[in-house]
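Chain lettering (A, B, C and D) follows the sequence in which the chains are written, and residue indices restart at 1 in each chain.
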């Protein structure tokens, strides 16, 4: 069923990005989301909450009403309403306004904070930005192509962390901060990812030797995901260039922004 | 000698992954291993061990008996029993059940903990998962191809760490936490791998200057293993694509999931 | 309008790098900048400022006068004076001498420190060095080519940091150092970039579990910019080699420093 | 002048690696160096030095005499004695034995420690190991090819560290541990390389915001050296494969360990 009249126009503005009005609406929305998220961040700072509490409360409700109206309009002008409501963005749009209303019913300070945080999820909508950038597709495709390899990699890392963590628990023991195997595994993850907080550190010589081994292992391991992503990305880039084939001399390998064939000077077709 | 009857069926279920029963058994086994390892982790947390000690003890014996039965069945239905028992997985399977029985004879609290930890090795069996994932082969081959380069790299890093560690011991000395050369080398490894615990830090200006040099060196060094793995992986990926040759126009460079030649549209053969 | 006489000669010496005098002037200037920046660094060390305060003050004015004379000469011998003054280097050249004069008028100790620091910007001029190195172009082009992908990447990282930071604020709370969402986001950035200062660390089990997830995510994420830069750089290197085409057999793929075709032995032309 | 008799035989054993005796001598030497370095490390641990001081002293002199004899024999059997003595390895060989003799004359506890440390340089000789590994050449060539790019990179990183360090000194000031610009630059290097000791951390909101920027910059920067090394290494690997040309069908692209042409099955020649 095709839309007509006002609904069609609203759909183009709210969902579309091809008309000036549609683009303007999206830019406005991104700014509204960014500002409303910034308000949530500021409201969590005690000093600011104490001084500007009422202003923040008023602004929060302004954005809640704004996003509620937007949500209702989106439902109104959808081609398939059920599809929109049950889609990922539909659910996020609902979750972005729900906490403020819930805070009215379940009025508890701590609960209030919890539900407010869900609003941060609204920032996911900014990911729409990604659609504007053609290069994001290359990135996504490269990550998607390497999903199996990354899974194998993470499984191996976790196995390694459990084993190293157990050994460290045995060697250092509760007296040096390694109070349990889960905590030792946490320490191993902190170490193997080269974060190194330093809240728990090995004190015995043997513990420090094993920690050194853990670090050097982590050092080698850091190479693997990089290698996977790079290889796939290089493969994608190569593929993109292969697409750009000259119709005159039928040679490929042109840069993505090339307009003329670098071998025969013939005008190249645009690639989508 | 080919297996017949019950042994053949058991072999297909326990060792095989081609029948529904074989796949089901493997999935069940992986869950059992994961749960039993989780129990070992939980038993190391004092609070949990105090409250649910008896339940954890009972569950530990449940899994020990389960894995013992599985081990005996594996021996029973192996084509070549000696080969299985002396294989890597055969030894790990034995080590995974041995600690519980050993804890019965040598009943000491600390010893008990030590042997229990060996059971964590059982998690290695999960690596069987790897067999399901075709991409793991590419990863393994890339790492195997670059084993010599990685060895050279590690030797160089260790030499560098000993030299930097000795210099730091000389510059900072025992008063600033660099109590011995081995400890200084430990500090250098912590620093060069960019972990940076912060339990030992240089206090003198000269020490901080040398530490800066160490860090910037580590920064450059982190590039080398990544470079090695990536280059080999890209080489492997390129090789994989080369295999995918069209029988009609004999051109290569197709994606691994391509079904038709992208140059002439001819159906491509499957690549294993 | 072409320059003549003294202005032409000065222009060649000060702006040019083709004559021995021009090269000599540039090398002299780089040393003067490096030494004057080193003086600013030393003057900030209280012990040195107390002992050699007057000497540092005298040297500071020596370099200020030197750079002022240089700045005036640059204006004098420019082909288009307005263009130089409003160019990036023209503004940096002015900013490099302004703080010293401003310190005469607004004589306050703290203000003095602020304006002196602007002089550090003078070091940007050392980037002229880059022009000497042909390889910098490859690097810059590779970074420029991947600017969109890097933007997408940074946006995603920031979204991730805000979400993880909010969750950590909720889980750990002000009692464990996570006093506000902005501070939690700061902690998440410290953790996801694998810096890990350790001034704020999660204390609860759930917090440590989420922290582990943050670290492993950071670990995977570190691969993405590396992958982007490497893929573009490899693409650039490949492009450079493609340029190097033999005029006899018209085959490419020669190394950048190759002088003879590796396939037919024919002398290769120089590539700029 | 060609060597004859005993000198020729000694030269083959000591300098050569082609005869069984030469290889045996090298392996023996590497073990001697490793053990003697380990002794220096152990002697720095106070507890061990107190208990086994005399044994360590005796062993130290055993190795000193051994390496002295080796050094004299090397001079004796060199084809060109002056060339050996002034070569890099000749100087390191001398420096490896000198400290022990110097400790006899200038007998001061602290001086003794200093000179002993020079002996650690002897470990450089282990780098001879590198010669055995063919792959080290690829690695070295890749690093050598990218030396200009790495120089540009390090210059940029240092400029960035000085600027960020100055800004942090201004923002945080001496009260929060940023006592001088050099120390702030040290902190910036610790942060930008993602080491993050945590001995100095920003306390103000602005300082933490700038620190976040520093870290995210460091995150992007870590990609550059990796990109450089990887691109050159991939280029080298590609070059190596190009060398491996089939004499029958003249196609390249074979793996380094391939013995038969993958296109026509013809036996491939060995590549050095």
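One rule holds for everything that comes next: a residue touches a chain if its C-beta (ideal position, glycine included) is under 8 Å from a C-beta of that chain, and two chains touch if they have at least 3 such contacts.
Given the structure is predicted, the values throughout are model-derived calculations rather than measurements.
Novice: Which one of the chains is farthest from subunit B, going by Cα centres?
Specialist: C
Novice: More than half overlap in residue numbers between the two sides of the subunit A-subunit C interface, or less? Answer same or different.
Specialist: Comparing the two copies, subunit A and subunit C contact each other through largely different residue numbers, since under half are shared.
Novice: Between the options C-D, B-C or A-D, which interface matches B-D on more than half of its contact pairs by residue number?
Specialist: Same contacts by residue number as B-D, out of C-D, B-C or A-D: C-D.
Novice: With contacts counted as defined, which of the two, B-C or A-B, has more C-beta pairs across the interface?
Specialist: A-B
Novice: Rounded to a whole Å, what is the gap between the Cα centroids of subunit A and subunit B?
Specialist: Here the centre of subunit B sits 28 Å away from the centre of subunit A.
Novice: Taking each chain's centre as its mean C-alpha position, how far apart are subunit B and subunit C in Å?
Specialist: Result: the chain centres lie 40 Å from each other.
Novice: For subunit D, write out the residues touching at least two other chains, lowest number first.
Specialist: Within subunit D, the residues that touch at least two other chains are 182, 185, 194-198, 222, 226, 228, 230, 232, 234.
Novice: Going by the contact rule set out above, which residues of subunit B touch subunit A in the complex?
Specialist: Those residues of subunit B that touch subunit A are 37, 40-42, 44-46, 113-114, 117, 120-121, 123-124, 126-127, 129-130, 133-136, 138-139, 142-143, 150, 154, 157, 182-183, 185-186, 189-190, 193-199, 222, 225-226, 228-230, 232-234, 236-238, 241, 253, 255.
Novice: Subunit A touches which residues of subunit C in the complex?
Specialist: Interface residues on the subunit C side: 146, 148-149, 151-153, 155-156, 159, 162-163, 166-167, 169-170, 174, 179-182, 185, 191, 194-198, 201, 205, 208-209, 211-212, 215-216, 218-220, 222-224, 226-228, 230-232, 234-235, 239, 242.
Novice: Where on subunit A does subunit D make contact in their complex?
Specialist: 194-198, 226, 230, 234
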